[in-house]
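Just below sit the structures, each encoded as structure tokens.
Heads up, the next two complexes both have chain A, just with different partners, chain B and then chain C.
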Partner chain A sequence: MAEVALPARRPVAASRLAGRAADLAIRSLVPVVLALVAGGVLLYALGRSALSFYGGIWTYGIADQNWQQSATTMVPLLLIATGLTVIFRANIWNLGYWGQFALGAAVVAGYGPSLLAHLPMWFATVVLFLFAAAAGAAWTIVPAFLKARYGTNEIITTLMMSFVGVDLANILVKGPFQDPSIRTPQTRAIDFDKLMPPIPGTSIDCSLLVAFAVVLVVHYVLTRTAFGLRLQILGANQRAARHMGIRLPRLVVGSFLISGALVGAAAAAFVLSPFWGYVRADQIPNYGDEIIPFVFLARLNAVALLPFVAFYAVLFTGGDFAATQVNLSTDFLYVLVGLILLFMTVIEFLGRRRELGGSYLTVGLVQALRAPLWRRRAAA
Partner chain B sequence: MIVATIWTQVFWTSVVAGGLLAGVPLMFTALGETISERAGVLNIGLEGMMLLGAYCGFLGAYYGHTQWLGYLAGIGAGAAASVLMVVLCVWLGLDQIVVGIAITLAGEGITSVLHGAQFGASEPRLGATPTLAIPGLDRIPILGEGVHGQNPLFRQPLVVYLGFALVGLVAWLFRSTNVGLNLRAAGEKPEALDAAGVSVVATRSYAALATGALAGLGGAYLSIAVAGVFTPFITQGQGFMAIVIAMLARGKPLWVIIGSFLFGISISMIDSLQLVGIDISTDFGHMLPFLAIIVALVLFARRAYLPPALALPYVRGAR
Partner chain C sequence: MDAPLVELSGIRKAYPGVLANDDVSLELRAGEVHCLLGENGAGKSTLIGILSGLVRPDAGTIRIDGRETTIDSPRTALEHGIGTVYQHSTLIPALSVLENLMLGDTRHLRLDVDGARRRLRELAGVLGVEVDPDARAADLALGSQQQVEIVKALWRGSRVLILDEPTSMLTPQAFAELEKVLGRLEEQGQAIVFITHKLHEALSLGDRITILRHGRVAGALDERQLRDGSAEEVRATIVRIMFGEAARSVADVAELQDELVERSRAGLPRAERETVLELEDVSVPAQGAEMGIADVSLALGLGEILGVAGIDGNGQRALAEAISGQRQAAAGEIRLFGAPISRFPVAARQKLGLRYVTDDRLGEGVVQSLSVALNLFLKRIGQRPFWRLGRVQRGVVEKRAGELVREYDVRTPSVRTRAGTLSGGNVQKVVLARELSFEPKVVVFHKPTYGLDVRTTSTVRDLIRRLARGGGAALVISTDLDELLEICDRIAVLSRGRLVGTVENGPGAAEEVGRLMVGDPVSEAA
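Now for the complex of A and B:
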């Protein structure tokens, strides 16, 4: 009997796995679709054509050779997302990515022109990436120390450091790094032939390959090494981690530094990409804000970031032109990103309740609808 | 040399009055955050709620031709945004930080888009808000006098006086009423509140709503009275500053006034310095309050206090 029953179990397990995969795909895709639909409704309410906006995203983000531009845009986004994945795994919130990015960008744009002029190009490029990574990492030291030593809420400290970092980057760009030959507050532009070369046969920045490699390495470290396991334990339960003898301060500071370094490296890729070669004051983009939902949608999995970041790179590249086309501020993308985050939390919640076989209304919800504030005394 | 330049009446008058002007939006918002932090809801979406309040407040005052309609619209907008927080975080127990980030992002985006779609490049301004002098006090030299572009210290819009009264009211609420006790229990030990027969979810819901309303009011004051105009991203991180003020005030409303005033001074310091001819870069001026917060956090890291159940959804029976 048992021999007969055993082989029968196999297809069940396989279909379960397929079901789980489908479930994951649905949970990751539905929020994006819902947000796009809600965004379309909003566009309609504003009297704009949703079709021409989303059509514009296709035209400018993918059609013809435009997908290559999206692929180049993807590089800094991907590196930032990877950096955030590392630290979010430990359930630590590094929300200071803008400052880390801005400082990295300022440093690269400031030292880039002279370094690239005097050193062999490959060497100078590596040095610049390291500079930017060091700047990004350095900007996490204060929050990391406060978190590790006193348990100070890192959301607050990283945000504050972020604002200071952006201002400092602007001061650097307007001051010591200012291009003396022009009046616009920007750094000297790096010669075009000294910027990152394209992948042969395309116009895609070759640092995309570097970013892919970084994603793979980070994925390996997070899923296959002791360090990755420690991060995960810390993220799951801090007390359990301490109980296991993990040195928390070291791990906290370490994950902060790695995260900051990756965000800084993203800034180097941004400045050295063929689109730029310089930084203008007050115009350093806040990519992190826009990429954060996709870090969650990828479930803190570095490889799973690839499709999501690719999607957003298209949305971002195309959305820039598409928003102008329908005569709207490009900040509309922020609305879409916020909506994706909101729908994601809701879908996540529904999925979890369904798994547990519960109803869709919580006990608390029913209670709150019933009980006004002032009838509370009797029970006390 | 610099000391001599600074030691003028104009400078100090403008420091005090400017600190109050810039501090009032912070005060409203930080007071709101104090209420919800005490009840165990960490509201990272404050920045977005302030922006929504600032935008709707501006619209209300612009089309309604009275500041009061503006403040009402601001309160309404902030409260409406916090309904999202109440439903998702308090009722359904979703991650407060993720939802907060989402509200901030969506708030930044939607206000910028709507403002751009409605006014385009033309940026209409509001007139000066009517003020009310405290008889007697407004005659005090230095403190009572006004500098160009700022209201004198004792001649403020009515809403400022109401704001101070509100802080007092909240302090009294926390200290001597059952409502305050419930709020504190919801953040310190929700199980105990539940065991006492009080709904944790309801208590936190009211707290989060109040927070949204106050943040909206703070934003409305910013656009109506401080700037007289709405520009996208007008808050420039003040929502986050308010969170820090609430943290450092350790849940004590009266300390919120002091903290907001000090950070208000650091925001307006750049204008005061320019008044006496000391020119520092805008970037440095903008950096100052955040730098001050970092320094304050490094120095007082151990003193900052957050309730133990903060940012944790309450699930009855869960351990």
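Now for the complex of A and C:
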């Protein structure tokens, strides 16, 4: 019966599909465009040329062969974003990505030099990726257990564990993993020819291919499998998940471990990329904070992460030089990220008002944002 | 007779799908306790919401001192001298009594502590109670907290005091105390509205009783009727007004009588029925404000429909979820076909043929953002033939979903439509289709027809009967007594988390269940 009725419905379905696509485009792209425009205004106010700054981003982030460097920068960002996508889908907020990343990085940088020196390179690389993934996953166990067993708010516990993790990583770097031959607090550097090789014919780190594969696999798992559906149900409605007989504790712990493992693997890709080969204490980057807005802009869709993370990688790579060129602190890039977040919230808020559909903001936050307006309207 | 202080007439308030108040009229007079009696969902809360300014009526007029008025906010209500004591405490636990009382006072920039102390002494004197102004609200006993709430409601010089189920958490001693306080307020010329679903409270306190049922005034007894009739007569009258229609509907509808006859012919004597579901001294702790259950024992026979009656919030959800496996029983044993299942998770019980049709169909019965098709198989995630090697088989899911949609007459544009966009009745059909497919054996129905239109309601009741006659068994938990009388073989009554009695369905069952439900001490003893 459904098949017979289909032709009649098709135009409606098509227009609805188009509407949804337009809606998605508006919600995802408009915040980025607005942030760039507002950033330009800000640059103008600071007496800098917006044109030469954005031009510089193009020049250093894309033009000539520079896009290849941006592509290499993408790898850890993409892996972190994928890890966050998995768990955010379940409406669980793993905000401990920095600690998970730092520990993964410390482990890889600590064991990397000796493992790569004594084992076949491909084998050592795989082992290091697994080590890092295990370290990242291990660092989610405490919040995962507390959440699964007692319902403890994971936002708090993951953040706390993150601080501990980052400091522990620094202690490891300054202590057992310290390069004995120098005084700078950093690990021994891995030989350049033992780092990830480039994709033949380019200078792009071949772990980008691994990252792409991971994104595709995760996307498949999230959208097509029983596990993905369970995560989605948990994210949509925890009570329904319990009613349907989904074993919540197992699912919570599972999604935490996967998320932590992907963040940890990102750290391996980071340390083993040709840019690095070592880790310096107190200088382990917090990529998660930068990439989080794009996880939301991609609407928790793994494949949709690709353009957004690519965009940010260009901004990040090119922006570094472009900022210096116009005599600006590189912190201006964070201003841009902040502006994207701001406009994203505004667009989402307006979208909600128009009942455009689903949202990535939590109901509570939307209500909190909405409450003052309601009250004002009621008073009027 | 003097003019009423407050007069409501023709009050109507509709919520989507529910007519909460329909042409309700009420008069409140000085020096009188007016009891509002009714089951949950009868419209009591909406009515007092309208009086206290929380809810605005769709139609009808409110007259105060004979003048037509609109009460558009709690503040206006207070200005008109209408104070409300809500069912749940509104005191801030960390603040002292005095601070709590001064909270509402926004007239002065500076807090008038001495004035507040004087006012508290004065009101405590009026009420004849002692209140320590500096005690922390959290440290007070429930009875004293309530006294503070009353003081708070009277703080700005109220003439009308509304008490919303004030006794639900009180001990008998505290209730006696409250009775005294209300007596003094009555002498002072307060008009008091007392909301309750307990018959004996209404009888002992009320000068006038109005009974609400399905949003309408089902009947009223004035002072004379209450005084003149004997206690037994008055009680019988009220029970008849509250529940009596149910008895009539069972007796009158010929079609149903046929059904009853048919069932008695088809059914085996109960002694010979195999017990399929058995609860033995099952206890489930309370969860938050929701009541748990204690020492509940019941047995459900093959082919039987066992009803569980009771006023909402008396442990129904705890009972249902303990059976479905969503909550662990703290004590006792649950047996399905003689095998203990207390330790089994939800999915395992589901597989054994135990199903649960939840009352919260939108909150947990479906995942609103998923398609109708997926919702129909959410309890079979990962199982063949709908999933193979973890991958969802969309074709199979949609084909089988289409069949179920047709079988259960779910009105949906397509099986891909999001479940959240369907009407309540159709969502319930989706839930029923899911629970009643794949060989259900024992099904717990929790408020299966709540909020449904007449036709869907009768469809659902037919499904329940068909299940029981077709070799299954049903436990129907409902707050709608009419429904239980219509379809059940026996009716157990749940009150304060305990099963207080079981009644064979038949003539006189309505009154008997009604008495057990309102916790009438006379028949409880009997």
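We take it that the second predicted complex is superposed on the first by the 338 of 380 C-alpha atoms of A that agree within 3 Å, B and C clash if a C-alpha of one lies under 4 Å from a C-alpha of the other, contacts with A are read in each partner's own complex, and residues count from 1 in each chain.
Please note the rule applied: contacts are C-beta pairs under 8 Å (C-beta built on N, C-alpha and C of every residue); 3 or more make two chains touch, one makes a residue touch a chain.
Model, not experiment: these values are computed from the prediction.
Student: Tell me which partner A:Thr152 touches in the superposition: chain B (first), chain C (second), both or neither.
Tutor: Touch partner of A:Thr152: chain B, not chain C.
Student: Look at A:Ile199 in the shared chain and tell me whether it touches chain B only, chain C only, both, or neither; answer first, second, both or neither.
Tutor: In the superposition, A:Ile199 touches no partner, neither chain B nor chain C.
Student: Who does A:Ile171 touch here: chain B (first), chain C (second), both, or neither?
Tutor: first
Student: Determine, under the contact definition given at the top, whether A:Leu119 touches first (chain B), second (chain C), both, or neither.
Tutor: neither
Student: Quick check on the superposed pair: does A:Asn237 touch chain B, chain C, both, or neither? Answer first, second, both or neither.
Tutor: second
Student: Tell me which touches more residues of chain A here: chain C or chain B.
Tutor: Result: the larger residue contact count on chain A belongs to B.
Student: List the residues of chain A that touch chain B in one complex and chain C in the other.
Tutor: The answer is that chain A has no such residue.
Student: In the complex of these two chains, what residues of chain A are touching chain B?
Tutor: Residues 46, 93, 95, 142, 146, 149-150, 152-153, 155-157, 159-161, 163-164, 167-168, 170-171, 174, 289, 292-293, 296, 327-329, 331-339, 341-342, 344-346, 348-349, 362-365, 367-368, 371-373, 376-380.
Student: So in the complex, the part of chain A that touches chain C is made up of which residues?
Tutor: Those residues of chain A that touch chain C are 1-2, 5, 9, 224-227, 229-230, 232-233, 236-237, 239-240, 242-247, 358.
Student: Of all residues in chain B, which touch chain A in the complex?
Tutor: Residues of chain B touching chain A: 44, 48, 84, 88, 90-95, 97-99, 101-110, 112-117, 178-179, 182, 196-203, 205-206, 232, 237, 240, 243-244, 247, 281, 283-284, 286-287, 290-291, 293-294, 297-298, 301-302, 304, 306, 314, 316.
Student: State the interface residues of chain C toward chain A in the complex, per the touch definition above.
Tutor: These residues of chain C touch chain A: 324-326, 345-347, 350, 356, 358, 360, 363-370, 374, 378-379, 381-382, 387, 390-392, 398, 402, 406, 413-415.
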